[in-house]
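Two complexes are shown next, each including subunit A; its partner changes from subunit B in the first to subunit C in the second.
And now, the complex of A and B:
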């Protein structure tokens, strides 16, 4: 089933709540090919052209269509708008996947290593969920944590992202030099209007994590009115702060006996080092 | 209820009635536009990937099934002009889209320039990744006529190759880009040879023009049936005549090339020229001069060598015996191992003291892997071959100055790369 407009798609989903809405299908078909999913019906969203672009809204907000592909987000015009999201889209996978994989699909799949998720979390984006005759706005963090999940018959249509007009950085550590899943990723955005730093760490937990205390602390270390510089020692401490906040001591521990031993596990130490370097570099690049 | 074998196969292990099976296995019928031809697909499970439908239902086995996760790129096809992983596209949702597969690259009757360049630059070993590579290179050169090496690497980063490596593919990208740039500069000179011999530039030409030039008596208006790509089962049915000695140079065969076999008798008329016509074209004619459609495996040498007495006379006067590969240049001087021939100074050979009557072929220096054979075999591709296996490439950067620190040249609009590269400002802490 290939509806050509948003209304048709929402009506089709209302008629068949068991149907799976499909945009790029890269995550869906991986599950289908592996035998983990047998869809009762598919509602293809690829023909809905209104969801494949973005528009501006009053109050300095960009409204991104859920059907924006990663390849489209990688293009320079979009990168001038939301650079961290463009960086995340560029490293999200090989061209074959980025050509079809969409922003909305990345959010709905909510994979732990989803590359756009820490960026959207750091930007404090909200998503619009539409169903027949109604729609509602949900913060993306509530959606990802399951606080306010997608209900049957609902379709993720728009992603509302504030335009901050400030440096944004997305950094990602992978196991190889080519496109790969992140072992850890850090998205960091500056919000000069509110004099705050917002940071999210992805791929170390099922959902992106926000080190709120570290953010508040480092925002006080930055000279916002002047050259926006930070002491290198404070920057390094910020990295350690973020890593300690996001990686628990018993990270990777298999049994209960390991959890009660003294100090962090070896896996935790290793991952903390990765996250600390990523966070330190991200802040250094943002304040460059 | 239909009783097609796939339905039966799927229903039986589950032990379900057909009605329950139908509910668990929703099906759809649709039409795919593959390489410009309408291909109906009836009663297919909606979870079937485009790769599965192309291979198993439509018989287009060019795209390969590697990982089914979008990691390997062996299944790369173009959907609406965009390179996608065929295994990650639900075929039912690709209806009404324009699908281009690797078979479409060689639809004109011969391998396209991309495929020829891949073969000529030694980018093919086991060949499993090659259809995906060919589609990725084709897609890259459609979008970017002069890709830098970084851009080529980024475009090919989704195609894994585990035996040959990527240098040959990158060389092929530059070969094709250079050849197309040269052709674009000299359109009037390139136009004349195209009429006589469909060369690498024939890939972009209409099917009927090339088919007519290649001698296939197929009227353009009559080409309404989907083309038969003689790569799947056609050549199994018909064992072709043996034109080439068994121990001759192996064919540098790209997977999607039409195999030299006749069309399946039950299949409709092919738009490809008859394989026998391709295989027997003497040197100098289309397909024989290296710039022609594809490599028939028939090579010329500088001087004719008399054929081995034990081998039947070769069809075609221009075909000559070619010395076997892989033998040492110098005859073995020590004690022969069991069963080996002991070469004698007069060129005669004996085995275990008996004269075999075997006239030793003239030993020539065997070409290294990937180098062009002596003679005029590869002169038409304007590519002088890759260096021998293991030899480092030329020191000069082929696409201008190498990148010296900072953001790589392939990162557009001066953004910071997301990973992997340290910037100077990263060092100002610790």
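And now, the complex of A and C:
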């Protein structure tokens, strides 16, 4: 099925709730080719041009189409709007993937290392899930954690992101110079209106994690009215705080849910070091 | 990039109507004839083959690294509509005792069954195969085959292999090679020790295994495969099927990447068996995951070294213990071990060398041939030792190598004198003399690619630059008495020539080289290279840099014989020796310019044919003390690596690799540079990225997402400092093979540079992020 408009797409999904919506197909076709997925039907979203752009809403919100490609999000006009999302889109993969892979697809696939996910989590974005005759608004974190999943017949159409007009950073650690999956990533945004710092750590857990206490603590260390500087020691402590909050002591150990008494595993120590460096650098860049 | 200037001015010839002159003959750099179709995506590979009425094959593979097979029930698979045949070990010729043994085969020792019989010894070992009318039906049928496994304990630590129960009737030890030369009691003032580990690198060819088998009316079978050894593969396939070799014909299709033996035998025998069983053409393409499971990888290695030296760094004694994990089957482990042992001291003079080396069987994936097998692992260890020694003596890493470097005529620890050119010092000087790349502080306006890549987390304040040197060696051609021979036929008719030679151009450029040879000898510009198949005479595998030597030599001899047939009557007519005639620009001219006759006219409408063989001087196996003239010739390479390391995240970027290589004679300089770049890319991949991980014998990352091949951003600038042309007098054209040496040396050079940047003792490859974090 190749609907030409959003309404047609929603109707098509209502008629065939088992159908899978497909945009860039960079994740979907890999699963199909490997035999892990055999969709009953596909609803191609490629012709729905309205989903490929964005618009503004009152109250300083950008409404992003789910069909925005990573390549489009990397362009300067978009990067001026939501810099961290542009950073994440730029590093999301090789050009072939970024040219077709979409924002909505990245959210729905919900891979632990999905690059836009920590950014959307830190921005406290919400998504619109549309179905025939109705639609609902869900926080992206609720969607990712499975608290409020996409229901059959629903289509992810829009992503609402607050425009903060302040520095934002996305950093990821990979094992190479070329495009690669993150071993850990950190998204950090400043919200001067609320005098808050919001941070999300990706790829270390099935969903992005928010170190809320560390955020609250570091927000108090920043001189919001002045030069917005931070003491380097406080910045380093923030990194450690985030790392300890997001990487459990028993990371990578067998029976990861049982309590461990011998202190952090070697894998936890390594990952914490990486997360701490990323968080420290991210805050340093945001406040520079 | 610098190019050598002393390769002689190549004769130029017009490339057709008004076109630019096309490079012609040896020493020039003509474009490969397959370059454009490959770049345009229209070059056909085995996966593109089609035959009317073909069936699709699929293979059932073991999920266990070690298990006894108590029974196989294929009835449900056979009952599936569309399934034409299901084969297991019981369908192959039985073993000597009359029971199915899976028709074991192998390049040296026949120990690897085509289909597992009674026991599986590695994760992904083939057990059964299906032919069906649709690829999905075939895969579905594979899922319906019920195998009753009794999982056994997997031996995955090579050090446990010595004491573990035998995993195979042949035992767990493929080979133990002791090497003893000199005085065991010699000691030096300085002693450095180290333990080195090399991970499992996979050739990961861009195209996964694919092939088409067509049954022949005479009861034989024709296989269309991207084989790199058509005759060897044909003979082994026929033996496994119980057929005469001439009933099997192997046609070589486009080879989508090969840095090793290309097809695995199980794949092609299974394919042929399905075609014979169904009487219909059968096509099979493996998934990427299967491809990682089935083809052989590089030997993971554990090397323990102790170097003794005088106070000034002169080597006194090298002691080493080398352990190669050969995986479940023997393949070429014995040969890799010989290289690791013979080159264990590196391209250095050392009077006393004591080595014990073992290659053992485990339940890990089988290891086999891959650019510089054995030599690479040893190079990483001895070069790491030399760096340690330099630090202890307090001299520059280049100087410690210069002091110990071997020269032509010096002996290897095996007692064999290196009679070929060994310009080790000259290579080292060439890379050391090259200017270093600029530092970011010297050129702050340029956009610097930091470790972690563009848009990455790199922070200039945490980046340290390191420079490392390495020099290494690798042998060419088969070793230890292997009969190396190649045959080529050259035909001239009219104004063009044809070369018929079963040497497969697996991407290394042999077809281009053969064209250049014939152009030089016969003066004709139009040279057609016939596609390789096993009905031609034997040329042997495309490995170990053989074809430049043996097949290049055979083509030259055949061309010279044609030239003699062509010139002899003319020379007799003019009462002069044929040596006084020369052929150039399609014309035969005499030394005095009196004669000037077009080649086509001299042929008088005849066709001239000649077939010749090339067989280098024989070698001998290493004896029980590791002594013997085991190698035909050796090539050397020196490198300087410049790396940037983010010492907080452990991210490494190789900025530049400077290479000086001993090439004997540069037959096609551009192709040599391509081979060096390919070797560097593969070596950098091994040093930093490529590691096929196993957990209890089970592959953890058999995909191109999980197995990280270097991308364009991971591959450094390659600067050719020198292609040293000191002719090897026994080699055809004096040329040495160039493909393996850069891959052997690059990992050691990168490791040395990371060591220099971080001050950490980098002891394992690939270098993980945590091995490069100094905090």
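To be clear about the criterion, the second predicted complex is superposed on the first by the 282 of 288 C-alpha atoms of A that agree within 3 Å, B and C clash if a C-alpha of one lies under 4 Å from a C-alpha of the other, contacts with A are read in each partner's own complex, and residues count from 1 in each chain.
Definition applied: contacts are C-beta pairs under 8 Å (C-beta built on N, C-alpha and C of every residue); 3 or more make two chains touch, one makes a residue touch a chain.
Predicted, not measured: the structure shown is a model, and the values here were computed from it.
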Quiz item: For A:140, is the partner it touches subunit B (first), subunit C (second), both, or none of the two (neither)?
Solution: neither
Quiz item: What is the contact status of A:90 with respect to subunit B (first) and subunit C (second): first, second, both, or neither?
Solution: both
Practice problem: Figure out whether A:281 sits in contact with subunit B (first) or subunit C (second), or with both, or with neither. | Solution: both
Quiz item: Is A:270 contacted by the first partner subunit B, the second partner subunit C, both or neither?
Solution: second
Self-check item: Residue contacts with subunit A in the superposition, subunit B compared against subunit C
Solution: B
Exercise. For A:66, decide between first (touching subunit B), second (touching subunit C), both and neither.
Key: neither
Quiz item: What is the contact status of A:32 with respect to subunit B (first) and subunit C (second): first, second, both, or neither?
Solution: first
Quiz item: Touch check for A:181: first (subunit B), second (subunit C), both, or neither?
Solution: second
Quiz prompt | Doubly contacted residues of subunit A, that is, touched by subunit B and again by subunit C | solution = 34, 87, 90-91, 94, 171-174, 177-179, 281
Practice problem: Please give the residue numbers of subunit A that touch subunit B in the complex, ascending. | Solution: 2, 22, 24-26, 28-30, 32-34, 37-42, 44, 46, 71, 76, 79-80, 83, 86-88, 90-91, 93-97, 99-100, 169-174, 177-179, 232-233, 235-236, 239, 280-281, 284-285, 288
Quiz prompt | subunit C partner contacts - residues on subunit A that touch it in the complex | solution = 34-35, 87, 90-91, 94, 171-181, 183, 270, 273-274, 277-278, 281
Quiz item: Can you name the residues of subunit B that touch subunit A in the complex?
Solution: 24-26, 46-47, 49, 68-71, 73, 76, 79, 82-85, 87-90, 92-93, 95-96, 136, 154-155, 157-159, 412-413, 415-420, 422-423, 425-426, 428-430
Quiz item: Which of the residues in subunit C come into contact with subunit A in the complex?
Solution: 139, 287, 289, 449, 451-457, 459, 462, 648-649, 651, 653, 688-689, 705, 708, 710-714, 768-770, 773, 775
